[in-house]
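To keep things simple, chains are lettered A, B, C, D and E as they appear, and every chain counts its residues starting from 1.
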Amino acid sequence: MIDKRNLLVEMDAIEKWYGPTKILDKVDFKVSRGEVVVLIGPSGSGKTTLLRCINHLETVQGGRILVNGKPIGYRITNDKLVEDSERNVALQRRDVGMVFQRFNLFANMTVLRNITIAPKLLRGLTQAEAEAEARTLLARVNLADKENSYPHELSGGQQQRIAIARALAMKPALLLFDEPTSALDPEMVGEVLAVMKDLATSGMTMVVVTHEMGFARQVADRVVVMASGHIIEEGTPEEVFENPQHPKTQALLNSVLH
Amino acid sequence: AGLPDAIASSKTLTFCSALSQPPLEFVDENQTPVGADIELGDELAKRLDLKTKWINIPFSGLIPALQAGQCDAILSQLFIKAPRLEVIDQVPYAWSQEILAFKKGSPVVDDPVEMSGKKVASVTGTTATVLLEQANEKLKAEGKAPITIVEFPTGTAAFQQLMIGQVDAYGASFEIGQYYDQHNPGEIVTGSKPFYKILTGIGVRKDEKGLSKALEEQFALMMKDGSYAAIYKKWGIESDMLDAPMPTQPAN
Amino acid sequence: MHFDWPYFWHQLLTPGDKFLTGLGLTVSMALCAEIIGLVLGLVIAQMRLSRPRPLRAFASLYIWAIRGTPLLVQIVFIYTGLAAAGIMRFRDFTLFDITVSGSVQAGIIALGLHEAAYMAEIFRSGIQAVDRGQFEAAKAIGMPPSMMMRYVVLPQALRVVLLPIGNQFNILLKNTTLVSVIGVSEMMLVTETINSATFRTFELYSVLGLYFLMLTSLWTLFMRWAEKRLELSSRGTATR
Amino acid sequence: MHFDWPYFWHQLLTPGDKFLTGLGLTVSMALCAEIIGLVLGLVIAQMRLSRPRPLRAFASLYIWAIRGTPLLVQIVFIYTGLAAAGIMRFRDFTLFDITVSGSVQAGIIALGLHEAAYMAEIFRSGIQAVDRGQFEAAKAIGMPPSMMMRYVVLPQALRVVLLPIGNQFNILLKNTTLVSVIGVSEMMLVTETINSATFRTFELYSVLGLYFLMLTSLWTLFMRWAEKRLELSSRGTATR
Amino acid sequence: MIDKRNLLVEMDAIEKWYGPTKILDKVDFKVSRGEVVVLIGPSGSGKTTLLRCINHLETVQGGRILVNGKPIGYRITNDKLVEDSERNVALQRRDVGMVFQRFNLFANMTVLRNITIAPKLLRGLTQAEAEAEARTLLARVNLADKENSYPHELSGGQQQRIAIARALAMKPALLLFDEPTSALDPEMVGEVLAVMKDLATSGMTMVVVTHEMGFARQVADRVVVMASGHIIEEGTPEEVFENPQHPKTQALLNSVLH
């Protein structure tokens, strides 16, 4: 099922501790180019933590993470992993976009500036180029008319779509979503999911933590189930949803679907 | 050696002085430094073809300021004393005498020891403070009540405390007491006899022998041509004049 | 009690040149020290919040030592102490026709170093008041720390720090009096020298107090005005 | 640079009697001034929050004037200015065998009056932090204002004011150095005196700084401990 | 209907302004001894304000308030009303107990101290006498076992019952209630209303602002309806509830009862 040469994310035997508590216990997790992976699991199972390890927003205490074939957050010096400088990690993160539950748009900037700032500063675009790209992206998320608004003037659903556009503006190889719709009022969930579906269809590699089972069923190439810091089950949406093997998966699906 | 480079290039001789010790150094109503030491310093500099600059520093800060390079020399009725000679050189230029100043109406005594149990003001770091402390040692040995020494950063503050009546006497130099007595007639009575006499000198950093040499030479010339005497006469302190030029201390 | 009213009014309304120079020195020293304090304070705040242990430790040590010792001691230490130990001697220098004496330099530096420790704490709390999500979003998009600070965090921290910075500047204005002990002729030392010629302490210090009251009150008014403007402008964006 | 280590260690570890007396004076002046500040500050805070306009105006004026002028000016004004104008002269007095000199009295009073203005603002914010409902309930049941303050409001305000009061005391400790200008032989003036005989400014002021650092750090540690105790005791009641 | 000699509260032509807004407009309101008056009206109509004027927690700008025949908050000096000192007002307030929506128990005192402090300080009881009385009152409000608790350790219903006991401890001639149950969870409303009914039955004079129409129906001698700072209607509960005259009363009853 997994084609080694085509791997975009390769996590091997990841261990993560918070103080004395083990949060991730030798987790192996791989994502191929173009794949859409949905991550589900009960609260506290480590989904957010796993996601945040991919772009090194969390440090790990054991194991190895390769993004695009290169280790992230660590350099290999004399065969030993050495934590990399913030500056180098920042470079590596440009390939990995992230969309947060609470949107986290830059509160001091207009929508347009939110989207253009990173491409200008980090991809070296001119103001005009960055704005042109930003307007294309805004059109894509159906918010062409909001470029001069400030985040606090927008609804949650609008903010989340801007957040997606902002992430796309860096032309990442991979997008991470951490419950992108769970802070939204129900009437806004649809507009965000529509944008995500559109992305998936266009071939973007995505890892999505979500409780939206409908989305998973329609869009996911693979569903991965976590519990207490382990991956307990994975497979196509059909396999996992119709025929769950692990009793915890069954319990989870029961609670989410009803 | 000639003058230090910094002086030669800026053409300015900078003095540190505690400008609260009339008639030697103080400020007039226009905030300009005046006094016998000031005139002496200006004249010495003129003869070296230099301008002067006066920096007002509390007495206790004079030697630190000189060490710190804030000025080239101290001209501020700085007595020549062994501990000072360990850190700076001094060019002798006059005598000084110590007295106790009293407010009119208070009993006048000649010896600090007789101030037992009373309050005497002095300026931090001056010899008066040291002399008062010595008197206290004596009083202690005799089992008598010590003098309460109240130290102030400036002569002005100390003098004002005496005028206001918050201290019983002010341990000062004879020259200062005499000046206040003349300028606040009937307010001040100086102690009848100076109880201490000491040589006074211009302070110079030890590593600037060139400057002390130059000052020493020019001072000798001033003594010869009478301009020294003229200054001291003008300020009414002829009794402090040196009889003959003396070498820079410590002599070696 | 004898209060010399004519003398008081004369000093208050027609202060001499020296006093006005002292006033100018008070204000300009405060401004220079504030600039040093702001820049250095920002650097130290960044160090305190940074990852490398030695930087963090140095910043904490600095803040602790400066805030734990009296400013008066710091001033004397920097001006006299450093020179006595042969570490640093403040020399006069002339810039655009203005000669800045060594003691003024030392005063500004002492006040600035002092201010920096307080500014560092203000900036730190301002930075910590910014939502964590803003940091994460900036990191996730690939901004290195300096860029994140400059474009995302500091602009948002600004609002929180303005008021405490303003208050601190008021304290700084008053603290300039302390440099009189190293012979800087700011308002207090000028008053002191005038006093040594006239001994009208009560009247002179009343005038001095009133001048300070004027300075600090003007500054307070300015701050209120600035705050209101900021509030209005932010309300403006909120309802746009 | 030449640092006289033996001299430094000698002064630090075996300070002379004079220095220790100065240390004692520093601490006891700070404590006395703090007591004055607390009592007077409470009174002024009450005045500021009271109904009669003249009282309110007086309290505001006091706070404004004291906080708007430098402490150094206040100290000289109170000790020398008042006496020069013939208003108030501080005379030595002896209490239980201890003679308190006029300058020490003036210093304590100046520091205390200064502290009171800051305490008044701290108390005011503490009182205002108490829920309005508590005031209303006390009034409704028929308590006159003094009783309401004593039994209901102040006990609840205490928690809020403890930390700022502690910080203010730290500032006061450092501010005692300023009374050296009126001839009080606290630690700073003693150091100055020793310095004028030995000229080891750098070493002496390092020692002075370390002693202050010790005093302020001890106080900070004490405050942390007290805070933790208070927290524990309140958690105790919360889960009783 | 109103017996002049028996009046406990007499408010004549009360006017109350907040800045430029008139809150009470020439309101006449009288309460006889032993009477239970329920005050209803839409939000913002001035019920709380009227109640707080009775014990001078609010100043008035016009009119006259007598409690027990004496003016409250004002003295008559040379035929003019002069605002009284806080100290004197405090004396007058002892006859009028008040129970607040948010309970307002003294947070720094135990239940027992909450109840005993005012009698001890103001009625001059000894500690023992005050405690004995307090225990009787605690038994009456069914909280005999809570005397050593602190307010924050009690439920809202318990706190409100303590607040009633605290007010009763001053042996007031009159008790004012401002929506005593509206900050309570529904399951606690009953226990507080039960105590209030008990009080009413025992002959206590009460003015109660409440939305509990059931309580009004069962207990009130008179229901007074306010709207926009006026009393628009009053009568027995039957008259007001069954046959409201004023259209605003009808609208109010519709909204409250449905």
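The rule is short, and it goes like this: a contact is a pair of C-beta atoms (placed from the backbone, for glycine too) under 8 Å apart; a residue touches a chain by one contact, two chains touch by 3 or more.
Chain-to-protein mapping (UniProt): A, E = Arginine ABC transporter ATP-binding protein; C, D = Polar amino acid ABC transporter permease.
Everything quoted here is computed from the prediction, not taken from an experiment.
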Please report the minimal path length, in steps, between chain A and chain E on the chain touch graph.
3
Contacts common to chain B and chain C (chain labels):
D
Of all chains present, which has the mean Cα position farthest from that of chain D?
A
Report the inter-chain centroid distance for chain C and chain D in whole angstrom, where each centroid is the mean of the CA atoms.
22
Could you please state the distance in Å, as a whole number, between where the Cα atoms of chain A are centred and where those of chain C are centred?
46
Cα centroid separation, chain A vs chain D, in Å, comes to 56
Report, in whole Å, the distance between the mean C-alpha point of chain A and the mean C-alpha point of chain B.
80
Going by residue number, chain B touches two or more other chains at 64, 67, 153, 160
Of all the residues in chain C, which ones touch at least 2 other chains?
76, 80-82, 84, 181, 199, 201
Each pair of chains that touch: what are they?
A-C, B-C, B-D, C-D, D-E
Touching residues of chain D toward chain E in the complex: what are they?
51, 131, 133-134, 136-145, 147, 151-152, 155-156, 237-238, 240
Of chain B, residues touching chain C in the complex:
19-20, 26-29, 31, 55-58, 61, 64-65, 67-70, 153-154, 156, 160, 163
In the complex, chain D touches chain B at residues 80, 83-84, 89-90, 92, 99, 101-103, 180-183, 185, 189, 192-193, 195-199, 201
Mind listing the chain C positions that touch chain D in their complex?
1-3, 64-65, 67-74, 76-77, 80-82, 84-87, 174-178, 180-181, 188, 199-203, 205-206, 208-209, 212-213, 216-217
Within the complex, chain D is touched by chain B residues 59-60, 63-64, 67, 83, 87, 119, 121, 124-125, 129-130, 148, 150-153, 157, 160-161, 164-166
